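To start, the structure itself, in structure tokens.
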Amino acid sequence: MTERKRKIVNDPVYGFITIDHPLIFKLISHPYYQRLRRIHQMALAQMVYPGAMHTRFHHSLGAYHLMSCALSELKGKGFEITHEEEIAAKMAILLHDIGHGPYSHALEHSIVEGVSHEEISRYLMEALNKEMDGELTLTIEIFNGLYHKKFLHQLVSSQLDVDRMDYLNRDSFFTGVSEGVIGYDRIIKMLTVHKGELMVEEKGIYSIEKFIVSRRLMYWQVYLHKTVLSAENMLVKVLSRAKHLALAGEEVFSSPALHYFLYNTVSKTEFEQNPECLAQFCLLDDYDVMGAIKAWATHPDKVLSTLSNMLINRNLFKVVLTSEPFDQETVTVLKSKVELAWGFKGDELDYFVFTDNASLRAYNMTDEKINILFKDGTFKDISSIDNALISHTLAIPIKKFYICHPKI
Amino acid sequence: MTERKRKIVNDPVYGFITIDHPLIFKLISHPYYQRLRRIHQMALAQMVYPGAMHTRFHHSLGAYHLMSCALSELKGKGFEITHEEEIAAKMAILLHDIGHGPYSHALEHSIVEGVSHEEISRYLMEALNKEMDGELTLTIEIFNGLYHKKFLHQLVSSQLDVDRMDYLNRDSFFTGVSEGVIGYDRIIKMLTVHKGELMVEEKGIYSIEKFIVSRRLMYWQVYLHKTVLSAENMLVKVLSRAKHLALAGEEVFSSPALHYFLYNTVSKTEFEQNPECLAQFCLLDDYDVMGAIKAWATHPDKVLSTLSNMLINRNLFKVVLTSEPFDQETVTVLKSKVELAWGFKGDELDYFVFTDNASLRAYNMTDEKINILFKDGTFKDISSIDNALISHTLAIPIKKFYICHPKI
Amino acid sequence: MTERKRKIVNDPVYGFITIDHPLIFKLISHPYYQRLRRIHQMALAQMVYPGAMHTRFHHSLGAYHLMSCALSELKGKGFEITHEEEIAAKMAILLHDIGHGPYSHALEHSIVEGVSHEEISRYLMEALNKEMDGELTLTIEIFNGLYHKKFLHQLVSSQLDVDRMDYLNRDSFFTGVSEGVIGYDRIIKMLTVHKGELMVEEKGIYSIEKFIVSRRLMYWQVYLHKTVLSAENMLVKVLSRAKHLALAGEEVFSSPALHYFLYNTVSKTEFEQNPECLAQFCLLDDYDVMGAIKAWATHPDKVLSTLSNMLINRNLFKVVLTSEPFDQETVTVLKSKVELAWGFKGDELDYFVFTDNASLRAYNMTDEKINILFKDGTFKDISSIDNALISHTLAIPIKKFYICHPKI
Amino acid sequence: MTERKRKIVNDPVYGFITIDHPLIFKLISHPYYQRLRRIHQMALAQMVYPGAMHTRFHHSLGAYHLMSCALSELKGKGFEITHEEEIAAKMAILLHDIGHGPYSHALEHSIVEGVSHEEISRYLMEALNKEMDGELTLTIEIFNGLYHKKFLHQLVSSQLDVDRMDYLNRDSFFTGVSEGVIGYDRIIKMLTVHKGELMVEEKGIYSIEKFIVSRRLMYWQVYLHKTVLSAENMLVKVLSRAKHLALAGEEVFSSPALHYFLYNTVSKTEFEQNPECLAQFCLLDDYDVMGAIKAWATHPDKVLSTLSNMLINRNLFKVVLTSEPFDQETVTVLKSKVELAWGFKGDELDYFVFTDNASLRAYNMTDEKINILFKDGTFKDISSIDNALISHTLAIPIKKFYICHPKI
């Protein structure tokens, strides 16, 4: 008998998740991974969808579960996957989000510069691999798409990976947006491998169409919901202002880890060359950020305290979405109103009135394609199949412009 | 047309929750109520059930929804409930948890003394009522059980209130413990009023039995789960140690609000006589506590840093549950081991090895009873009905003893 | 107190359905309506989806529930709907399928000629109205689209009626095809009335897109599933053969009601002029048909017995679907094979090898449109909205050709 | 590659059921098994719960799925189960209900005498085994409890078998009685084998309690629901009357298979000695019975036609349930009323006014026990564990008496 045994974890989305390998236990128990318990998967979406409190810890555990199902299905169909490959693929998906910071996208646009969470994930995997004496080498190869069985990488990262399947499932489950539900179990049963690549059996076409349409719906209805956009943009502004003040030498309440990122200019080279930087990053989570913003609500800087107060008490900016960019005139008029009402001036007004855009391409034809394998052995990208919904509409990117400003 | 319109909120548990009255909007928008977004309903249960991240905000919104359903059902059956009573009962349930602090039970056993969250709820309701020019007077009467239509209070607080119905539903939903599911919709359809009291129609007996059995199951399987007990006891110890150090004049990282409660001895009179105390309490939430504990992981006091580190990284104490109290001998032996292994001494060991007990009475016969109304107009407490499960077993309190200690 | 009280019916799809009006009780209790308990909603789809055993009784009760929700939502938004109109609209939807015969589409292509189930529904409504002394007059006006509040008719019959909403919900629930799930509760909350017509608020666009995509998926994956097509075509052939033999004077086992339809040529005039015809139709259901086919498995006519046996024991024809019609050559070759293998000759072979086609238009632009009402008061057909999925693809009808033949 | 491949079947209860062995395909395709498609699992419960239309075919397929899960879990825990044993256990559960007739319990109390459906199942397994050249020998050994690995039989038939787990799941799913839901997935994960017997790990205690309480609830709320009792008793009376008339030489409409059972006295010896009897039984299903009752509604015998009409049109007898038997007086008074109102006399009145009783023991201590295996290797029957709900209450049988009579 092995020392560690089977453990089952209750998951409202899939029922039970089974963990049954010592390496998986080791990884999940590591502080780097436990940190994900303190990072919400959907950042501030809970301001609109109060159930959306689930964490990146839970999401990556869910993606791990789907990976287990997919590998077991493929093995059942006769495709060779060794035990070592199986464990490595499972660890790769567990680690795929390890580099996310608190309120990830907000952070990347405010206090961290020029380094994406994907890159940080890679730094952390390398660090962990060193600590674990190379036990993650195959995991990293798969993650980086360098392993010869390409379908293993595609399960981790492609337009039909278990990451997307889990986040669509989980986000629609926790938000209560039932239209986001996808037939993940059917999709998994339809997965196959052809010429070393992940494909979908012909019978799965409609499930794939539905998957792409659900993703599109989740984007417009949830991820890019006006109020969510508003809250997340306000968060960027709050953090930018705090960093601005910190770099100017003012005192800004912060936990030790947040202090590091406010009072230093942190770029990619910093992450690569300064071990302290990565170490501090691993201590940073949603609690540092939200805890600080609450304290900032009484900060002497009126820009910081006003924004913080509004965000904490959900007094959010109004957002207007359009299909055309806004002209400068609109911005100027709104700034004047804010100036008149609240007395902010000059650059300060940029924190209160600003424009941006969001775009979405439900199916990306230039990215990793979703290939359908026909019974006669031929295969086609789903967007090039007659009658498929995808071709005509969903591959076109849609861009929306928005303006944010206080309701005054 | 009114200024504010209908608003619908997605809830994964009930589908949609409708808000359609200006007073309800006002209350939900208040910072006191918005604070509940930052307090998890199930404290540290997420260490075992990763989905259990939902908040007290979400729970009280859910209880409000069930209150709406129950009132509408009772009105449909011909019982008179005025519009004013309806709004007041809905506000009473929205406010029932307003006095909860972060990790509520842990807090009440560490940094706040001699004042329960129910009492704080009352202080806050009074404060809000003043602010709202008496608009909460009827709400408070109902909440305190002083209004003559007793069933309204019983819907807010009794063994069959919408609070319990929602937390059982919601906690079983988010933990994924499907056995906790109750037939709340059937129970609500079976509610009736007799002699001014809330009762259940005869046809609802089995649903009530099931409700009580589900509650019992949730206690043993979730709320008093060994690992949950462990995490929550460790949290009490961490906070006690921090307060101990703070009162001894040492520097302990904390947000302004937490600082207030660590560096002052806060009792009931403090809450009643010092407005600052209540004001600070309203700024305190889970982010202050968890944010601080993370910083304490590097505190020079080794007790504080050890406990904080263990808790943050989910390296939890072992818990042994028994039906008999532990003898002093067991405690002594375990303390020696900790002393030997880690070097702690004397009182310090009390933070690492300790005993306590938990008890549960699935149905409380001396508390507000659940009465079943028969077709002939007679009624009986469910525990005194022939064949009912409740009488024989579930009214007996069960007490379990436990000991906590590090795995060494 | 009224004589009849509230009654609640358990429905796995919606939880509980409440019935609380004497006219509704009267209608549901009528033998015409109770007959629908014995007609499966999805005919022979259970041969592929074993859960698909639900009845037209259950479906129309579900549509009635959605009608109640929709009317209550519209009233909540301030649109005037009188009590009389409400009851009439509910009765109209309860009765919308009253004219369905057993295995409806099969029947209409075999033993009944030139009269659709919609027409029979109208005959039955007229008959019931006479029996109920005119209590259905408004119901019939609404059903026929003659009542001035057009939205009431549109709730009963249009591209966004509660009939479709319920059958998509219910069929996806009972088949277990989770991708067919629609956000009916959200759609209902987004319904509005403008210029007397049913429309959808702007925020509901993505839910409508999803609704149409789900419908498309259910068609290709369920309703037109190859094996379902096969079973239903075989049923047409069995019934045609039995009628052929009956009209030729041979003895064919049948219940009294089925006997009437086998031994008489029944056309539209028959239904209109001969009360016996309508009376016999009301006694006919799935039990007559399937009960007879079982007996026919030992009939001396080899065509009838072979087909009956195959159908009963799920030894079904193979179906090939293509986008082009089949040439005569293919049919001839297959017929020769059947002749060689089983000895059937001439016309008999038409029962075993035959072609047909199925077509589907997910959104019909010439039919009742789905209009989206914008905040500025303008409205547009969903297919003409920028970025909407519907315009480009889903309005194009898709036609598929198929051939059926035994697996030999 | 094998000739037959993996097949997946959509099941709304479990998602997908996988079939991947030629013997299983063979069995499921057999006419004896296909017949179960035409027998409703819950007989006439659909008169109260309209969703309860699922078939014995679907139930046994579901039980097969749970068997697959349980065996896979046990193998994962290291218990040896050979491939042959696995297939045999799966076939045993597929066949466990093969001997059920239409409206099983009604049939056994009317037109078939002295032979239970379990016995008929055995006859049919023997017949199939002969047809399949002994491929079912191990299956039959397991079914009959004669195989040395006793836990395999216990999975098929005991107080914790997959049969019960599936019917509780499935019946609560299709009726919509959500309180009947059991944590079957958790129970299966807690199964273990000790001394060759099926047991449950200690952590599963509360799930087992809940399972037993759910079963109790389903009995009182669904299986023994007053209106269901009424319908099923009326069915017994209809069939008894028809057989009475048939044996008296009168003409009674019936399909060939039903004719056999109405016009012959069929007992156990008949089944054992006359192959025709078993053959006819295999042609009998719900369609014969309900199809005949519809025709009987116009039979010249007034008892038969009255009962048939009432049943078909859901004009059901009133049922009164009590804890004491009814006295003769009550019966006499009711019979007089029926005589006065409808003119029936003497023995005829026994078809309209009659008493009976129903009893239930939620946990049977003398039957196969449910044993809990503790970590220390000891085990105990769940009813003898301290604090378990079962001991005190649920092992006591409850008997209820009832009387049926027309509402006049």
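Going by the order they are written in, the chains are A, B, C and D; count residues from 1 in each one.
Criterion: a contact is a pair of C-beta atoms (placed from the backbone, for glycine too) under 8 Å apart; a residue touches a chain by one contact, two chains touch by 3 or more.
Nothing here was measured: the structure is a model prediction, and the numbers come from that model.
Trainee: Tell me, please, which chain's centre (mean of its C-alpha atoms) is farthest from the centre of subunit A?
Mentor: Measuring from the centre of subunit A, the most distant chain centre belongs to D.
Trainee: Could you see whether A-C or C-D has the larger number of C-beta contact pairs?
Mentor: By the number of C-beta pairs in contact, the winner is C-D.
Trainee: Report the inter-chain centroid distance for subunit C and subunit D in whole angstrom, where each centroid is the mean of the CA atoms.
Mentor: Taking the mean C-alpha position of each chain, the two centres sit 32 Å apart.
Trainee: Taking the mean of the CA coordinates per chain, how far is subunit A from subunit D in Å?
Mentor: 50
Trainee: What whole-number Å value describes the gap between the mean CA coordinates of subunit A and subunit C?
Mentor: Using C-alpha averages as centres, the distance is 44 Å.
Trainee: Can you pull out the residues of subunit A that are in contact with at least two other chains?
Mentor: 15-16, 177-178, 185-186
Trainee: Under the stated contact criterion, what part of subunit B meets subunit A in this complex?
Mentor: Residue positions touching the partner: 9-13, 15-16, 29, 31, 34, 37-38, 40, 46-47, 49-51, 53-55, 57-58, 61, 173-178, 253, 255-257, 283, 285-288, 290-292, 294-295, 298, 312-314.
Trainee: Which bits of subunit B are touching subunit C when the two form their complex?
Mentor: Within the complex, subunit B touches subunit C at residues 1, 6, 8, 15-16, 20, 76-78, 185-186, 189.
Trainee: How about subunit B: which of its residues touch subunit D in the complex?
Mentor: These residues of subunit B touch subunit D: 177-179, 181-183, 185-186, 206-207, 209-210, 213-214, 216-217, 220-221, 323, 386-387, 389, 392-394, 398.
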